[in-house]
Amino acid sequence: MIIQLEKNITEANKDKVLSALSKNSFKIREVKTQISDYLVAIGKNEFDIRLIGNMNGVKDVHKVDDDYKLVSGKWKVKPAQIDLGDNVHIGSNGFTIMAGPCSIENENQIQGMVEFLLQNNIEIMRGGVFKPRSSPYSFRGVGIEGLKQFYRICSANKIKMITEVMEPEQIEEMYEYIDVFQVGARNSQNFNLLDALGKVDKPVMIKRGLSGTIDELLHSAEYVFSGGNEKIILCERGIRTYEKAYRNTFDINAIPVLKEKSHLPVIIDPSHGTGNRNIVEPITLAGIMAGADGAILEIHECPEKAISDGQQSLNFNEANKLFRRMEQTYDFRKQIYINALD
Amino acid sequence: MIIQLEKNITEANKDKVLSALSKNSFKIREVKTQISDYLVAIGKNEFDIRLIGNMNGVKDVHKVDDDYKLVSGKWKVKPAQIDLGDNVHIGSNGFTIMAGPCSIENENQIQGMVEFLLQNNIEIMRGGVFKPRSSPYSFRGVGIEGLKQFYRICSANKIKMITEVMEPEQIEEMYEYIDVFQVGARNSQNFNLLDALGKVDKPVMIKRGLSGTIDELLHSAEYVFSGGNEKIILCERGIRTYEKAYRNTFDINAIPVLKEKSHLPVIIDPSHGTGNRNIVEPITLAGIMAGADGAILEIHECPEKAISDGQQSLNFNEANKLFRRMEQTYDFRKQIYINALD
Amino acid sequence: MIIQLEKNITEANKDKVLSALSKNSFKIREVKTQISDYLVAIGKNEFDIRLIGNMNGVKDVHKVDDDYKLVSGKWKVKPAQIDLGDNVHIGSNGFTIMAGPCSIENENQIQGMVEFLLQNNIEIMRGGVFKPRSSPYSFRGVGIEGLKQFYRICSANKIKMITEVMEPEQIEEMYEYIDVFQVGARNSQNFNLLDALGKVDKPVMIKRGLSGTIDELLHSAEYVFSGGNEKIILCERGIRTYEKAYRNTFDINAIPVLKEKSHLPVIIDPSHGTGNRNIVEPITLAGIMAGADGAILEIHECPEKAISDGQQSLNFNEANKLFRRMEQTYDFRKQIYINALD
Amino acid sequence: MIIQLEKNITEANKDKVLSALSKNSFKIREVKTQISDYLVAIGKNEFDIRLIGNMNGVKDVHKVDDDYKLVSGKWKVKPAQIDLGDNVHIGSNGFTIMAGPCSIENENQIQGMVEFLLQNNIEIMRGGVFKPRSSPYSFRGVGIEGLKQFYRICSANKIKMITEVMEPEQIEEMYEYIDVFQVGARNSQNFNLLDALGKVDKPVMIKRGLSGTIDELLHSAEYVFSGGNEKIILCERGIRTYEKAYRNTFDINAIPVLKEKSHLPVIIDPSHGTGNRNIVEPITLAGIMAGADGAILEIHECPEKAISDGQQSLNFNEANKLFRRMEQTYDFRKQIYINALD
């Protein structure tokens, strides 16, 4: 059960609500986010929710029979829109493209990428500065100093920035130099990191685990929301299967299922979802038709020379064509669903 | 190596070709299909293919470094078009819809379905008469008599028909009452069945195995082609993964990869690929954008009463809307790739 | 519900039983096997089974709440023992070794193998004569003539023989030259083949599918049993997973779970379950400790020269050592469970 | 390439080695562990290793063609033995049992468990104080204060203790109250945590990821070793597959494969590997026969009342019987391999 509280509820009134819930054996978690104050009540008792709904200081009450609560679509019909500031949004309306290199390499690269993005009206740049690598001997990113450089150039050009955070301790030092925190696939169930990101007032994009379930992804999002941060974006990036013809199997089913189960925006990552630049375009357009709210794409001025993930990065020419077709495809999707009630 | 022979090659000239290949330690398989005569030569010797190419009676020679040969896209750039007669085609140009119930139930049902298909300009009806079921106690189909009835009604209405064949012995009795033989997922590596279908002059649609690889699917197709039948259609129907949120995980990556590796048409089965009627529509439209040549869909006048697979069948109203959007999506795909060289 | 009938039940008495079941909306399947006559009644009605149990001609009645019935361990506590004749048995007591080459190659090979097996007191030889191969161009076995030769040598030496059958049509021609029919992993859900094997009076060993579930394997066995043949052996041979370090992932959990769910004997195939001769031994001994009733092993006089599966075949020296340790391990398992009630 | 340095190598001599490597385009990582000083040289140049081997201050040089280096079995034939102090060891010789509850609940429980372990000569207790849980609303452990209590009781009774660490920041506060750090399956590729544990002088047990590969597990161990800590234990705990009959599929193949690829000890976790107390015993004994160096088991005085994982925990009576059989099985394994060169 989710109880939305009035912002100005008195302590006395809140105590009455808490006490009514406790009497009925509900465990309660108080959640204060950027947007609202909630009580999440977990319990199995049958209960007439109007008893709570009519109490002073209570704005609304919702039964949610999913195991996750705050991220469920059952209590919030309207899709969430995540605000990145400066009139940049993700979700609800419009299609968001995030693009950039797998790894930030140097200032020249960032500069060239920013120019390319500006030419294509892309508002968000991706780029790893801390790279999770299977081997300790692989390149592990330019680190915090690279991040500052990256952010300086991006913000000077009014480009928002998303990069991966790998542990709670990094959050503070990264905070000022980042617009969206990304939780990578290998950290999708790093609960301490998710807890810590719940205390932050910047958007968080959570990638599905290497072999994470839909349910686990939504529970990971619940960690962040119940920690106090409801600016959450979900990301489908392919799953691990027996098939060796591609790096990952992009799970297209996940898109409509996540959109149905949750009010959070869903971004696709066809670069990791395929691991193969030759099929990034058809999978991206497919993902748009399946209902995605945006896409994050690996691009590189010269994929053959990329420090990491060159085989799945598009060059500027390929990216340019794809961006145009993505826009057309999104417009087409909107158009065929205009006036449709389904 | 694939050697295409002239239809009128003399025995003497053919012997010369065979002998040249044998001398170079190639194992040879002679293949005569509806369209052409081939020699498939398997071997590892380095070889100047012009030596063969210039021999009398040889039309063309192609090196193919895939393990499968005749179904490879390496020797045949132009996509195959499968002719079902009466101007009905699958592949190469145009998008094909096959629709109908999971199982044929009775004459009334067929009649109602045929009318619905005619109203929607659908030229091919699906419907199982032999049903592979995990349990021996489940409904196992109306059998051969049902098939005759099914075919009679369909052909009277100029509707082509596809149904599943389960063993070599059934081919002969089914032959006159069928337009396309379907090989089901559980028989995707039933090599005796594939061999037998290689000797038939009707199209064969091969579904990918429950956890079949891309490579295995193409090898299964190679069985049919090398047996003498090149009227082959590939079908992506979802794979088995750890994810329990849906019956199968529809493998959208398979579409562009199969189209790249092979010249055969690729049909999608979003009904089995999702197991969930609520997401059949977005996955179907996604599959079109990813490059599919057609789709096979389970529909039922009243899915709630279907003998099998009701949970993944669309009702007529849903199907009607989807058909319209499929057409629009296919047109849109064609349009954005017009004048594109990529 | 399973109703065991007296062998001499009168038609009149049987009709009374059938009618009592029908009145309660049960669907009934009559099953006559080598051992007993059964009625399998499928239905959801609550029902006092004593009503049936007390009727004339009824030997016993059992409620079975699994979806599979006759193969369930719920109605038959005592493990089945499969009789191969000449005092050779599988299951219930004692450990069975089947060994031999992946493919029968020639008479010399069979002769050498038979001698080796005799020296090691192995009573059952394996060897494929019809080989399911992914590619149509691979060696596909010596066929029926090879089988006859194989059988002649084996029976002259009192060695029982198991080989794979690939389609219903082959059963009759193979029948006289075989002791156990093997259903391969790719045919584990070839329901027509399973149906046909239900009508045969020779034991059938069913391998789990490439990515078959426990439940599917038991249902496949139910096909054979409900067809009239209760001489069934289950075989765990590894499953397909994401892990590339071995050909298959041997599913050791399946052994105790199958033994608990069913009364049928469970044979392990560590050769396919690993695909790697270096680890065949530890996995075989592990499988014995987990409760297996026997093992089927690929061995070859010279694995490096084997036509197929050389990489997972043991040579005679390795096999000899392993056989000795298998015997010791089985004796050890028996000993630690003597006097144990668990 | 791994270069073992003499402990007392002079800076001048080391510089000569480094310079010889650099000239040949090797990237070098210096590693100082509790036991030795190493240079790990990564590069592709062909190189006569004797050139390095003969230099002053160099103890030994080894070519290692695996991607992981220090954890590879290629340079170190003798299995590692991890020293926990007070004459408690893991690996090389002898079989180690770690047992205890999934979660530490209270002092009484610890006290009862310690007594039970002492009676059974078990030297290491497991017990979670920080619990990674899919849902933020589940019990998440008693935390650091519980750990202190846990450690106090254990060390008073000369019982060593293993518990899970979830983030780098926790290491310092846990350090004094722990004997072995456990990295859980969800953190198996938390590279920052692995890096941090490389700087610690206490043993680290790394669990394989939920769908981690053998290769990834060894690379995760390489993080810790190359960070400076070579007290590493590997743990097979089951993988995620399509099979729903059990929580995880215990990967028995992993045991001999890990033992072959690495010199590190391999511990099995049959509780998580099955998720089902009914089959914990056969899988444990199987794992011993497959070559495991030890096992970690969930036990609980009253599994029905356990806060977490009750369905896979053994009660004291079951555990007591199992411990006895484990000992017998390990003795049996030793005995059948005595005098064996294989």
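By letter and in written order, the chains are A, B, C and D; residue numbering begins at 1 in each of them.
Keep in mind that, in the parts below, contacts are C-beta pairs under 8 Å (C-beta built on N, C-alpha and C of every residue); 3 or more make two chains touch, one makes a residue touch a chain.
The structure displayed is predicted, hence computed values, not measured ones.
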item	value
Minimum number of chain-to-chain touching steps separating chain B from chain D	1
Homomeric contact chain A-chain D: same or different residue positions, threshold half	same
Whole-Å gap between the CA centroids of chain A and chain C	50
Separation of mean Cα positions, chain C and chain B [Å, integer]	34
Centroid distance [mean C-alpha coordinates] between chain B and chain A, Å	38
Set of chain A residues in contact with two or more other chains	211, 215, 240-242, 244
Footprint of chain B on chain C - complex, ascending	27, 29, 40, 42, 67-69, 132-137, 140, 166-169, 186-187, 189-195, 209-211, 215-216, 219, 222-223, 226-227, 240
Touching residues (chain side chain C, partner chain A) in the complex	211, 240-242, 244
Chain B-touching residues of chain A, taken from the complex the two chains share	211, 213-215, 239, 241-246, 249-257, 260, 273-274, 278-279, 282-283, 285-291, 321, 325, 328-329, 332, 336, 340, 342
